[in-house]
């Protein structure tokens, strides 16, 4: 049982990293949204599995929150936003897919080294899970850095947050309140960004955040 | 006596892959047609095509050299040897130790080398376009395949396919992230190597984006039959490799009873059917890519393979 | 005694050089010189082989009263030297045989003949030298003779420039080696290798020596970023000399590296291997990418030498890593892989340069865009060139695959290495190696396809004739060696056993006794390869298919115009050229590595101007490493130029200032 539970947790965390890479690879908005939904779904499964293994019922709630909000509500809403903005064909990246993936590999390697070194005496399950979680966070950040489109940046931000939740559930005994507040803060951030998106769109007729820089006169 | 028995099995393996490969292609075509609500060609159509091509005369282009005429045999022989070294229904083939997975990949590389040369031989623009794109795709697919091989070999502690299959059957393996990465990358490479959608379209001749079909445009008659048979063999080979490494259930051990062999055979055919079905499903669900999006696709496969290897290198130190 | 006989051979080569000056202009001169070189190198090769096989690397030493009076000149043959002597003299013999035919067409033989035997002698001396002084003198001698051969055709401006760059880089490399030996010898001035071997340099000093050797030997071997001279100089020489430079001299440089780092420098630190592996991986990929962008056949081959040197360094780096972590069996495997690649590369690279030389002779063209269709007019050359292409692309069942296979096996052993850095570097280097192998295949599809296949694009290519018997004999010999080393690698691995024993203390398991002549590096359950069986298997199934088809199927055949989707164009300019073949790869890799840009100019509709496509490539390494140095020197010399126009009083004050400065330094010196 010990071996199997480790293997499944490990595989779920690993697939989360894999899906982060898929996000990095995908530059079409619809597909990106679907992959994000998959990301959230895997997160929910991972959290649920942790709840089962650790016998911590409050984690089930976290899993449900992840499933409902992140895998269903937010992607659907973003989907609608994209339709209303009419930007579903826009593909804009700052760095090409190849270099971005290479950078991502480097980040995963970095996360591995740091985590495995720091937590030398912790138990192996937590160690690798933490390393994977840090990788997901870093990949989310990378995604935010390498994309121009505001929607992809939002998705990068939310997948970063998924990484945080993964780390939190891996470490035993994180209080429920914190999670719920995190979830809601994300929701609020999402709403704010959504409004923000519409505003940029109205003003500049694009959601390319470079337009903001141009407006501020930073890039010519 | 035992040696003769082993020889018989090796010969059976060679014949089996040769006979089954057109059937697999026919099955995929049929499935695709059914998914599109068409009747589709009969399952045995690839065999008929091969026989018809064999009967026809060869029309050789004026500028074709001796290499052009020898090439189909070289390509076919290389691929056939590679395909008959992959364990299908029974592991521990007589000659399996003569070439491990690296050598099998390299044998396919040799076949591709000569195929690309064939595309250049007559000196036409279509042949050149096909060859140059083929080597571009191969320059990413081959390293990706080698990285996948690294991942598998590091997990199983061997580069021999038989040993890998045996290891995967044992209880030591568990679910490994690296294995998942390798499987995904292997599927991507297999799609590219077999010139399937979204990389290339196996069903068309007259399209500017074609790769494989452009290379073999000048072949006709028995030469074309051999080339077609080779690509069918290659498809079978990749499905067999995936089946042998990732779903090794049912493969008979070297010294097993006829019943186990029958089970092995049935499970092999089952794996082929499932593989063909999934391929058809995937191909109907997805659109073809622009040629210059292919590097990103294969680059992703390469990265996944590299990531799998890297994870293994690191987790060994736990 | 071995070494004395070998020195007699070298002396014979050195005697040939002045003889060649006398014979230079006579019509039989080249036959005499090349014939004599062939005999001497064959003898030398035999001596080395005898040492390696019969006496399994027994050490034989001699010291001659030459050179520095307190040092003398020491020479020695041990297993490592014997192996490299085999490589040098095998390449030398093949080149001499080839030159028996090829040299007939030389229009200024007096510029090639005297230096050729001297060059061979110099390479032999480097390998046999047993003290720093004779090593460096032989090394310089080798550089100078090869430089003379590079500028043999001095009327071509490019060659002179190539010679200039080569001379600069060679001096730079020798300087680095000189410093390295100075550090190794220490303050007592122990320049004999025996004395150096006895005293181990400590940490920081050893690291400095490693870096200096990497620069000194690496610049001769063509390691990126010190490769810049190589693709200029190697193609400029006559083709048999190009073969020697690419196939053999780079190996002498590798010998220098192995001799110093594995033998003289003492036990390695683990991070040394990081440097060597990193350099090897980058060299391998950059070399082949550069090669893909070329359309000059000989230059393409020269860049491929860079790639293969990278592969060799990867093997050596792995061996260092294993040695440092006390894993002798794995170290033996990696070292064997590297050294086997040394041998293999010398064989197929010589073969390919001979092929390029034959093409050059038959058509007067090195530019692949002006060739094409040569397989019809030079079928035998085409065949052996094809063998060389398959071998260098690391495809089974030829020899290039065996050494790469062994390298991969060595990489698969490396997760057991405990250092963190290596854990990340080794998989990355593995990926680079795999990438370079795949790109090499692409590159040789291009080289063979554009040169020998397709339609002739110029009248010169149309009028080509098959080359002469001697050249063909040399090429067929090397092609056969490619096959033999590919299908019976066990014997070659066993021959390397004394070398690895002397360098890492242990050798790979004995291969000749393995069933069916396969090779098994560690254990059969882990990995094994049998080139012979694969070869027989391919031949068998190919023949089976052919005979079945000819028995059962129609064997009718009709010639007709090419189909080409119904739009055949009789103009050979419409076929794929070297540049167009490389275009997809250029788009994938070149945009980042070479900043490749394609500029297409389409004339307006109705205009009769031709459309134009310009491709711009930038050599970033040149721009980053060489251009600033050249600019700096130019700038400095421009500034210093004014010093030439001073008055006598100003000159005097300069001298006076220098004197006072020196005195001040003396005064301040503690």
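Read from first to last, the chains carry the letters A, B and C; within each, the first residue is number 1.
One rule holds in what follows: contacts are C-beta pairs under 8 Å (C-beta built on N, C-alpha and C of every residue); 3 or more make two chains touch, one makes a residue touch a chain.
Nothing here was measured: the structure is a model prediction, and the numbers come from that model.
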**Message:** Need the most distant chain from chain A, centre defined as the mean of C-alpha atoms.
**Reply:** C
**Asked** Ranking chain pairs by contacts, what comes out on top?
**Response** B-C
**Request:** Using mean C-alpha positions as chain centres, tell me how far chain B is from chain C in Å, no decimals.
**Result:** 35
**Prompt:** Distance from the CA centroid of chain A to that of chain C, rounded to the nearest Å?
**Reply:** 49
**Request:** Pull out every residue in chain B that's touching 2 or more other chains.
**Result:** 295, 306, 310, 314, 317
**Prompt:** Do you know which chain C residues sit against two or more other chains?
**Reply:** 420, 424
**Request:** Two or more other chains in contact with one residue: find those residues in chain A.
**Result:** 96, 109, 113
**Fill in**
In the complex, chain C touches chain B at residues 372-373, 375-376, 379, 382, 386, 390, 393-396, 401, 405, 408-409, 411-412, 414-416, 418, 420, 423-424, 426-428, 430-431, 434-435, 437-439, 441-442, 444-446, 448-450, 453-455, 516, 518, 524-530, 533-534, 537-539, 541-542, 545-546, 549, 552-565, 568-569, 572, 574-576, 580-585, 587-588
**Parts of chain A lying in touch with chain C, wherever the complex brings them together** = 96, 99, 109, 113
**Request:** Please name which positions on chain B make contact with chain A in the complex.
**Result:** 174-178, 180-181, 184, 295-296, 299-300, 303-304, 306-307, 310-311, 314-315, 317-318
**Item:** Footprint of chain B on chain A - complex, ascending
**Value:** 3-4, 7-8, 10-11, 13-15, 17-18, 21, 25, 96-98, 101-102, 104-105, 108-109, 112-113, 116, 124, 127-128
**Partner chain A, residues of chain C touching it in the complex** = 420, 424, 592
